[in-house]
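The next block holds one structure in the form of structure tokens; read it before the comments.
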Amino acid sequence: MAELWNGLVQAFWLIVSVDAELLEIALRSLHVTLTALVIAAMIALPLAGVLAVRRFRWRRFVIAVLNALMGLPPVVVGLIVYVILSRSGPLGVFGLLFTPTAMIIAQVIIIVPLMASIAHQSLRELWQEYHDLLISMNVTEGQKMRTLLWDARRALLTAALAGFGRAIGEVGAIMIVGGNIDHATRVLTTAIALETGRGDFALALALGFVLIALTVAINMTIHWLGQTERDGRW
Amino acid sequence: MAELWNGLVQAFWLIVSVDAELLEIALRSLHVTLTALVIAAMIALPLAGVLAVRRFRWRRFVIAVLNALMGLPPVVVGLIVYVILSRSGPLGVFGLLFTPTAMIIAQVIIIVPLMASIAHQSLRELWQEYHDLLISMNVTEGQKMRTLLWDARRALLTAALAGFGRAIGEVGAIMIVGGNIDHATRVLTTAIALETGRGDFALALALGFVLIALTVAINMTIHWLGQTERDGRW
Amino acid sequence: RMAVTTSFHNSGLADILLPEIARDTGLEVQLLVVGTGQALALGQAGDVDAVLVHSKAAELAFVAEGHATHRREIMYNDFVLIGPAEDPAGVAGAATATDSLSRVARAEAPFVSRGDDSGTHRMELALWAQTGLSVEQFDAWYKAVGAGMGAALNTASGLGAYVLSDRASWLNFGNRGTLSLLFEGDPVLFNQYAYLPVNPERHSHVDAVQTAQLEAWLTSPRAAALINGYTLSGQQLFVFNATPG
Amino acid sequence: MVSALFPLVVDGAVTRRRGKVLAGPVSLTLDGAGTAVVIGPNGSGKTSLLRLLHGTARLNEGRITWACGLTEARARQSFVFQRPVMLRRTVLENILYPLRLRGVAAGEARKEALIWAKRVGLSDAVDVPATVLSGGEQQKLALARALITAPDVVFLDEPCASLDGRATREIEELLCEVRAAGTRLILATHDMGQARRLADTVLFLLHGRIHELAPARAFFERPQTAEAAAFLKGDIVE
Amino acid sequence: MVSALFPLVVDGAVTRRRGKVLAGPVSLTLDGAGTAVVIGPNGSGKTSLLRLLHGTARLNEGRITWACGLTEARARQSFVFQRPVMLRRTVLENILYPLRLRGVAAGEARKEALIWAKRVGLSDAVDVPATVLSGGEQQKLALARALITAPDVVFLDEPCASLDGRATREIEELLCEVRAAGTRLILATHDMGQARRLADTVLFLLHGRIHELAPARAFFERPQTAEAAAFLKGDIVE
């Protein structure tokens, strides 16, 4: 129990005495995760739109697979990305391994299925509502999707936040492809793993609390900006 | 690249030659995750119901926090559970540490926020639709929730599947509280981590593919049983 | 880039050496902290320029297969047997490492094994072999956790179990709980670290010049001073034993 | 036999949404018998008034007092919305839902529900999902669902808007039976014919206010206000 | 000026859902002018027929051929649903949505939309979220949204069901203007008065089939079938 308390105290001091190193890895965490989030969104949302709007032969199958891929084990994703980016792998020449880019790639792979599944869930609700109208205006597939994505934007927030959360808290994959190199690819989660390995639980927890505080803060801001949960808004 | 291919081949053989050890850890994975899923559902769904139906002062705040907690870093959860269950911790007397129970506890903590957030998303959509009717029948809070949860059951599937995925693929937390002890707390993900550490990437990937195959299979069955995505059903 | 074992990194020696290396040679060394097996795998794939590990057999094989140009011994530290302070198996009184382990086996006291083919794990297996007992026949008290040194120590402290650890990791370990150092000093426990520059013929991008430069530095008197001089809670951790060439 | 809910006393009641007054200030007293018909142009606040009286809409100002107290009243009233809400279940499950809420045994409820399905003429659709019903059928369902609990007061918001002539007649007869059985009807409609047939008292709404409140006969024969007269004329055809 | 879409030839068209025949088999030919009014009891298949002709409902059997080909036709028709669908946007954005789809410049579209908002009498609600509009207002919005693209044919499913007398009149006038401008109207209604006022031809539906198809005057004066007569009588009041 003592560790928990020490952790909280340390976390507090780390934050108030704007610790340079902490700041560095915290910012790297944010940079990697947010980049991954943006890229993932650009893939997942249109995908979700297609799944909601198109009725193609393998639709149910694709949806099932997508849901299943939410269970992609980070370690495996990490390995696959590693194997591909490794010097002896197909994309080895780019020397991306052990760089933030590699971490971003891994995170994108991990959160796309999650975001797509959640987004699809909200979109099909809305699609059932809009179906007749949009058909009657014989809009193109593209327009359908844009309309849905736009009018469901508040619901899509959940998808984005889930993706963000999954990415910022993830360690298995980025540990493998990032390598947790000091001053290069060390982020909050990998630092926590390191301290845990050292048995320095208090510090590990401290970093953990910092990470949690960070995510909470970000979520709050988004919610307030998004004006969600207000009466009569969507 | 070779590893990928070898991995696939090995995975294939592991499966066809029903490897005893593999079977053991695979079953343990399922047992742990499914138990965690059931418990998490029993917490997350009512919670989502309350958030959808009640209009209390801190509602938006709670929702924001819940969304934020989707970003709980598994390692940190692992640490906290470890500290609490360790001999020197408050619950040390039960000697739960390094048992499947401990792993279940950690997983529940990790997936509850995710499931609750997704579920809440679907429930509030439905609540907007039902609001007037249910109010006019002056139903009790409890009845409201039961009605919503029941009529939104198909949408809640996504929440369950997301939770399952997150839990079955998770490694950071269960590694710490489970200890990856052979024949006791070793599951697919921790085994994968082990092989990775050993540098036997092919085998690690093989196990990974087995895990993925498992999740895909399960999702398929659930979808088919659930008869989702069928015209006119909810 | 250099891949090193957890045990080396945990010692904290790296934090001393790297800045010096940077100052003297201008090389910016990036450390990848992984298990011995993974370290060698990384070297084999050419994802690192050099490897610093402690598992002689594996290293020789690595060189033999031509993944590394050669193997250069740098320094050694030693392994110690950790266990619960009350020492149910009476390990403390043991004469040799082998003896101490057989005591653990006899008492069937919980024992945590790395179980991940790391240098430490191989050392442990070697010792078991000498005791004439076969690990396969051990039952529940022998726990192969298959994890890094730190994780293994965490597990041990959680279980109040015995565990074989390198001195560095142990001294740096924070979460000791009831554990304490019970047995040390048997020469068989010495733990040789060696430097393996990855073969540039296999991987063109590997900078042979720099790896050589680094090797030179690591074997230099300067390094010797630093390594021998490095102490943790008053104890010397590593002994420099590179043959100057 | 007049219900214990009445008289209903409304005193300066107002409901707003984002600053806009949807209905009110309204002051009136309703006794327990007969049918009050609410008429008025689109957007005049009929629905809002009904929701306000019923309690679905927030009461921002004034007071609404039921003789037997609010909680009691809540349990004894029901509402048929202008845009019926269908539970995502079969027709039968929709109709018996309120009974289940009151803890009626499944079999019991089922029997009762079947009777009502018959009364509103949905007997041969009991097992289809309610959401696929035609507009008219949905209104019938909503009506049955509202009446099955034998409430003391029913708010009906244009219950026959998309019913054919025959169905309208039948529903009106049904409503008369219900009223005879002692249920108070408060009904908003655009169909002046229907208003004439059912109304005991008429509330003519304009811009959310009660512009004229009079006994039906009197109102339809000589409306007191110019607007009411104009409204009635606007409706007369050829 | 008659649109290039017509004549519309329907030949044994049927639409089913889960085995149940919603409408059809239907065979008829519609030329390009005037108003066809679809009447019939609840659940007789009016909505389904409209959806079938328009193409929103699956065509399970038979053929529906527009003179100018389907794709062309699709682009030139629009639909006002019985239960209007509101986009989760403001009233104005709802009305100008179809224009934006056709790539009309924002400013342009806005002007046009404001004009139509005025024509259907929603001028003072342009900026409220469409979903909070009253029932009648929503129908008006749907109408404006359907007509703003000046389609060649409009399907109207009980467009005045919840409009007050005055609004009904105004909308009917609007529809007459539109028709005069060469738009073909196909309208389902329960309001026989409205049917009389607007119809050129009448389709009387029963159990999904066209039971009687006749010129308006003829149909209302002497319906050929007993059912039609009964239906009309069922509607006459007092």
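A few remarks follow.
As written, the chain order gives the labels A, B, C, D and E, with residue 1 at the start of each chain.
Just so it is clear, a contact is a pair of C-beta atoms (placed from the backbone, for glycine too) under 8 Å apart; a residue touches a chain by one contact, two chains touch by 3 or more.
These numbers were taken from a predicted model, which means no experiment stands behind them.
More contacting C-beta pairs link the chains of B-C than the other of the two pairs A-C and B-C.
In the contact between chain D and chain E, the residue numbers used by both copies make up over half of all numbers at that interface. Taking the mean of the C-alpha atoms as each chain's centre, chain C and chain D sit 82 Å apart. With centres defined as mean CA coordinates, chain D is found 50 Å away from chain A. Chain D and chain E have Cα centroids lying 28 Å from one another. Mean C-alpha positions place chain B and chain C at a centre distance of 36 Å. Residue numbers of chain A whose C-beta contacts span two or more other chains: 3, 88-89, 196, 201, 232. Multi-chain contact residues of chain C (touching two or more other chains): 148, 151, 154.
Shared interface positions of chain D, i.e. residues touching 2 or more other chains, are given as 17, 132. Across the complex, chain A is touched by residues 1, 6, 10, 30-33, 45-47, 148-151, 153-154, 157, 172-176, 203, 205 of chain C. Residue ranges of chain A in contact with chain E, taken from their complex: 129-130, 132-133, 135-139, 143, 147, 151, 232-234. Across the complex, chain D meets chain B through its residues 51, 54-56, 74-75, 77-79, 81, 85, 87-89, 97-98, 101, 129, 131-132. Interface of chain D with chain E (complex): residues 17, 40-43, 47, 82-83, 125, 132, 134-137, 140, 158, 161-169, 190, 192-193, 197, 231, 234-237. By the touch criterion given at the top, residues 82, 86-88, 97-98, 175-176, 179-184, 186, 190-191, 193-194, 196-201 of chain B touch chain C in their complex.
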